[in-house]
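Same chain, two partners: chain A is paired with chain B first, then with chain C.
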Partner chain A sequence: MTETTKITKDAIPENMVRIEIDDKEMIVPRGSMVIEAADKNGISIPRFCYHKKLSIAANCRMCMVDVEKVPKPLPACATPVMPDMKVFTKSKRAIDAQRNVMEFLLINHPLDCPICDQGGECELQDQSMGYGRGVSRYVDSKRVAVDENIGSLIATDMTRCITCTRCVRFLDEITGTDELGGIGRGDRTQIGTAVGRSIDSIMSGNIIDLCPVGALTNKPFRFKARAWELMSAQGVSMHDAIGSNLYYHTRQGKILRTVPKDNESLNEAWISDRDRYGVLGQDAEDRVTAPMVKENGEWKETDWATAMDLAVRKLQANDAKNTAVLAGNQSTNEEYFLLSKLFKALGCANIDYRLGQSDFTQASGLPRMDLNLDEVGNNQQIVLVGSHVGHEQPILAHRIRQAWLKNGSKVSIFNPKQYHFNFETFHHYVGTQIEWVNGLGSLAHCVADLNKVKLEGELGEWINAQATDENLNNLAKALVNKDSNVLFVIGQISNNHPQAGLIKAVVAWLSSQTDGKVYEMATGANAVGAQICGMGSQNSVADILASDSKSFLIYQAENDDFNNAYGAQIKLEDADSVVLMASFADDNMKQVADVILPIGLASEVAGSYFNNFAQMQGFGPAAKLPAETKPGWRVLRVLANMLNVDGFTYDSIDEISSEVALLTVNKGEIDTNIKVKAQKADDLVLFNETTIYDVDMLARRSQPLQDTVHASTDNLNINSVDAKKLGIENAMQIIVNQKVDGDTITQSLFANIDDKVPAGSVNVHKCVGLRTDALNVTLIVGDSV
Partner chain B sequence: MKIFRYLKSLTLAELLKGMTVTGKYFFKRKFTIRYPEEKTPKSDRFRGLHALRRYDNGEERCIACKLCEAVCPALAISIDSEMREDGSRRTTKYEIDLFKCIYCGFCEESCPVDSIVLTDIHEFHFEGKDKNVLDKQQLLAIGDMREKDVATARKNDAEYR
Partner chain C sequence: MYQVNPQEKDKTLANELLTAETKAHIDGWLTKYPIDQRRSAVIGALHAAQEQNEGWLSKDIMTAVAQYLEIPPIWVYEAASFYSMFHTQSCGKHKVSICTNISCMLNGAEKVVEQAEKTLGIKLGETTQDGKIMLVKEEECVAACVGAPVMLIDGHYHEKLCEKEIDKLLAELKEKD
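Let's turn to the complex of A and B:
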């Protein structure tokens, strides 16, 4: 008997019950399962199919426990607690049941642990040590399953499957993609896709962690290392501003794989595939690992002293006023802080990180964020404004799906393309890049009519000018309903839209009318940090590129990051000097740069990120810096000393982090008092899309991600109506002309007829080189190939 | 009693007994062997220089499970693994540092496919500063050279394992 004091009846709250597990008394919520109570109190019960985030299947039967007064052992994961119940997890009956189940599970399990990647971290292996017999009594034939190729991310060895159905339930409940199922009966049951398709969910990698055995393993990691050789280091997602917590697993200083770290308020127990595999871009061919200088057009590796000397001379070649600093959105706060401190001290005002953005009218502060991520589910009405949410912030999409699934939230969408979502949509408004913004205006008009408010200012006039319609009026009615909480999500399609300022103003106005909240996405993993650390200039990036700047410092960015990649390239080619501080240098950058200083990725340095909710999350270096590479903050510190700027005496990253932590964080706001710049469609309207695996330098270089179906193509997507009108067929060569300010950009692409694109619109991926800041394009139909 | 001991010492009985043993071995066949011309037989369990074995079809046995690396108490083994083109799990590096190795034989015991074995080679030397590390090719070569002996020794010893 334990010495715990007896809990008196009166001490038990209404919704709790008193139970005993292994003679240990505890009070647990009514309706919870025995296994949950045991887990909370540190009593271990073996299990395979139970997972705290998934529904209960109770099909593995490993969790058998002995309950007093019950004639048979019961599965702990599916037995709800009862008042004064007595559970024994270690009694003879319980252990016997567990041992017998284990023997059955091992009947069909192959003995290939030595070549199985799960070996050493396998739940079946661990538990068979505890409950398995030394020798097998089974002599008949074993089941063998044929493996399917389910894509570039997950390796399968289905013979090892113990049909716990965790993967099936994950793809059903969490991602809603239903890509795996069980086929056959009894011990012939096999888990598979049934139709030989790949698994395309953007969170699919989580089934690797869920699978208790080695049936599903990490494909790029295959056979590379053993669990016991790996060191784990905590990190933060480098690809979206949710700031998902994760662990990098390294062997000999090299990151081999990524797994999630539980954080209930952010990523729960999951991470997106982009966060899991994106970091593999670290080994890309164009990684720079030694300082390089260009001599007579030839790149030469050199030592740091020479390269730094040259960089300083290049930066001093022009007045600080004519110098510009353009950074990516993936670096640490500490680097941004030093970068902006240094160049502001030199008198340079042309500093920015929002390279993909076109409209800077509402960009002077942080994104507006009225709630925390775990409050998303409290909203009955969610309106996505210009967002392919799953591809922008996969974890937010997951939260919205759960809100729809569990709380019945109604999700409405305004988008330039008919995307597929893993939740039902209430209103799905799809129009060209110009139409959907007008649609949003129509919604505002309906709301104004319902609330009987007088519209004022330019915004008011613009809203007034938009036609109302019956459908949107229904949505408007639901939104103004006082009983429902409303959430507006401003997505990255809006952020990169040439009318971003207008869209945000309309949303802000709508939220004020509906008592709604606004979730404004940040574009880029540490865009918020860059803003807080002073990387946002008064000008727009376009202004900087149009200015007289002659010297450039490009920091962890490349051509593809710009909304106007072509213009940026021309400008940098014409510049007197370009210093590139980056981990990668592709041919475009090599063509324009004069000196390259190789710096580490966020996974290789210590630092911190601010996430979309302005929470600062620190991390240490996970991987070793390759060869000559140095942490960015050290290079910036030396650069500052060489440029004779005071105040750069930092000896450790902590000194910088503590200064960053003291920076003021002003809540993001959206101004409704704006100037409206109307857009008109001449011919076809372009939707230039940044796809899920094209968001940053690292993701673009991750081969496993680029081998999935979500990788971008050089296609020009066009609606069948327009295609018919223009006589376009699939795979025809099309020449796209984009006219901006008297300049014409021409790209030759292949047609792909796709009715997800609305009529009157064409859709391309950003990396094909068209600009995002101009919407009108014309097509010339070439030959079919 | 006392008188008995006195007589025993007087007759030198103990000395003679000892000398008889000496005398017996003086005329017996000598069993000192003239190493290295002559060698004593070795146990089938002798633990000498390592080797990596192959299957009869020439395929290397090792499947890069790294159990030997994990079990080695002297951290003498280091392995890198990868997927070979045919999809099988193979080592790209297999090295044993013979200066670290204590010839405990744990690696052989841990190997699920009888790949790493300790042969009965106990006479070897290195002709260079860094030659104490055997790489995969060398280990496989030793295996090829001694496969017959290794196999026989394993077979003889099988029933006692």
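Let's turn to the complex of A and C:
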């Protein structure tokens, strides 16, 4: 008999039922499956095809259990619980069924675990230890499958596949990209793509974790280490501000791969490919691992004392007013805290981390965030404002897709390019960088008319000046409907837009009119942390580049991070002194810097990040610091002492973290009382796009990511209508001229005719070196070159 | 769940490759299903596409069908590779399929296969050198068990086969153009 106390009938709520599994009594939700009940109560049932986040396929038959009064074993993953059901997972009938299934599964599966990359962490291997026979009775030939090349991230060994279809279901249900399927039939079914395609989903790496056998494995990690040689260390995403939780797997102090750590409120059970493979940028050729100084134009490695001495002298070359600190957005809070504390103590007001932005009118606080990530799905109307969401915060895109799929949320979009999304769109407004902002204004105008409000102030005047139209009026009607929750997502395209302040003000105004919420994306993994730690409250990067600053400290940043990469390079070339504290130094940085102090990446140091929701998440060092590299906070501490600044007596990172934790976090707000900066199109309007794997130093250097279809190109994408007008054909060389502040930036690019770009617009990737803040460009084509 | 994920809007191949007749045929099938279950039209669509493409389905024409139906290409390829009436490699003009499922097997299907292979000089799944006749690789029960063993020639049923009958049928087929 059971030892647990009997549950009386009255104690069971309406929507629950009482069952027993292996004599253990439990109350579980009506309609749930036996396997879920078992999992929740710590009773293990073997399985291959079942996964809590995917639909039920019940095709592997490994989860057979014995149910009282049922004449044959049943699959636990597809058997709903019934009142007073009695399930036995270890009875003779259950175990026999499981053993038989195992024998069939192993018929076509190679028995060569020692040469399989999954060996040691394979669900099939584990379970065949428990349920398999010592020696196979099968003597006939086994099925063999031909491998496909599905891209640079995932290795295939399809002979090992047991056709559980977890990968197929993931790509259908979660990413919505449907790249894999079951080809053929019966015992010859193979999992494959539709003839030689690659898997291009931005979350594709998760099928590696899902695959219970060694059929899909991590390509860059292939044959690098065995599971039992690896240490696991907790980390936080270094590429976007969702703050996805993950584990780094290291051997001898080196990160070899990344896997997700479940966090139901953030990344659930997944991570994006950027988070999985981005860290591999750590080994790039231009990694600096020893302090270096420049002597007569030549770089020489030296010891820390010499380099620090020089750095101090360089930083003292000018008074604090003419000194500036420019930082990237993926360092730890602790580093930002010390940086801003040190330079503020010195009297320096030129500190910024918003290197990619150009309009700072609404960027001096935290991003406005009216909800938690897991509340995104509660909104019936979601409006994306200037966002290629999957490429900016992949996990947010996943949440929006689930909202569309499960709750029927309607998603509308305002963008400068016709991106493909994995959810249906309700209204998809595409126009040039100038047109779509005006379109947003038109929407506001429609809302104002529907709500009969008087528009006031500069913003009101601007909204009033935008034409209303039928289509947008439909959207407006849906948004003002009292019964629907509305969410506005301000994306990174908006953040980097020269009219960012206006866009945000319109959104804030719209949210006030529709009772909506605002999700303002941060650009950069720890941009929020940088803001909280005081890196952004002073002069903006644009002010700094226009100022007389002559001494610079560049902290974990490089040329490609700047909106105005060209201007930044010139400014740094002209500077008296440039101290670079970074993990990498490319040729551009080496050209301008005088001394390089090598510091660790966030994956190599202890510290913390703030995510988009202002949650502080700490982590320890996962990897060993390479060679002479030191944690940034230690270097800053010593630097402070050498510069004779008080208050830098920290002996451990924890002391700094606890000070960071005490900082006040002011809720992000958006002002609607603004000055409107108008933009006018002269000729073609530029959309300068930061692509998914070009967001930071680390992702830029990850070769597996750069080998995917999502890598940046030096194409000039142009609509076929404009191409025809200008006589442009594919692959033609085109000269682009961008005029700004009396300067002209010129780049030579290759034409690519693409109707995803709206007419009147040209689209380039940020890495080609044009500025994001000047929208007007002219092209020189063909003979006139 | 019947939901179809949003597809890229590109219809280049569909417009290029599918004839007006094929499209009309597919449109007919599409009217029979709710829009979110349009995947169901894939078999009818593949028949039409195969007919227009000399009896087989190329990678491009399958992609064209996917574009036309606005469903993922893999769904089309899955269906095409599943059913024995679809051919994903170029094949002979006339198709001979011999049922080898249980009833036919018990009534000597293996012998029928052997004889056909010998007469035509090719193995199952191959096509005669002149490109005229193909022995379909594998045919499952064609729902004519009462007449086992059964052979299909270009979709026409020939039942209760004997050696003489097979010789006659194949000889006639060789004469056809």
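The working rule: the second predicted complex is superposed on the first by the 780 of 785 C-alpha atoms of A that agree within 3 Å, B and C clash if a C-alpha of one lies under 4 Å from a C-alpha of the other, contacts with A are read in each partner's own complex, and residues count from 1 in each chain.
Everything that follows uses one rule, which is that a contact is a pair of C-beta atoms (placed from the backbone, for glycine too) under 8 Å apart; a residue touches a chain by one contact, two chains touch by 3 or more.
Please read these numbers as outputs of a predicted model, since none were measured by experiment.
K.L.:
Counting only touches as set out at the top, which of chain B and chain C does A:Lys482 meet: first, second, both, neither?
P.N.:
neither
K.L.:
In the overlay, answer first, second, both or neither for which of chain B and chain C A:Lys92 touches.
P.N.:
neither
K.L.:
Just chain B (first), just chain C (second), both, or neither: which does A:Glu424 touch?
P.N.:
Second partner only, chain C.
K.L.:
Which touches a greater number of chain A residues, chain B or chain C?
P.N.:
Counted on chain A, the partner with more touching residues turns out to be C.
K.L.:
Please indicate which partner A:Lys454 is in contact with in the superposed arrangement: first for chain B, second for chain C, both, or neither.
P.N.:
It touches nothing on chain B or chain C.
K.L.:
Once the shared chain is lined up, is A:Ile183 touching chain B (first), chain C (second), both, or neither of them?
P.N.:
second
K.L.:
Have a look at where A:Ala194 lands relative to chain B and chain C in the superposition and call it first, second, both or neither.
P.N.:
In the superposition, A:Ala194 touches chain C alone.
K.L.:
Intersection of chain A residues contacting chain B with those contacting chain C?
P.N.:
After superposing on chain A, no chain A residue contacts both chain B and chain C.
K.L.:
List the residues on chain B that touch chain A in their complex, please.
P.N.:
63-67, 70, 81-83, 88-90, 112-113
K.L.:
Quick check: in the complex, which residue numbers of chain C touch chain A?
P.N.:
Residues of chain C touching chain A: 1, 3, 5-6, 8, 59, 62-63, 66, 72-78, 81-82.
K.L.:
If we count contacts the way the header does, which residues on chain A are in touch with chain C in the complex?
P.N.:
55, 172-173, 176-185, 193-197, 405, 420-425
K.L.:
Which positions of chain A touch chain B when the two form their complex?
P.N.:
Per the touch definition, chain A meets chain B at residues 113-115, 119, 222-226, 228-229.
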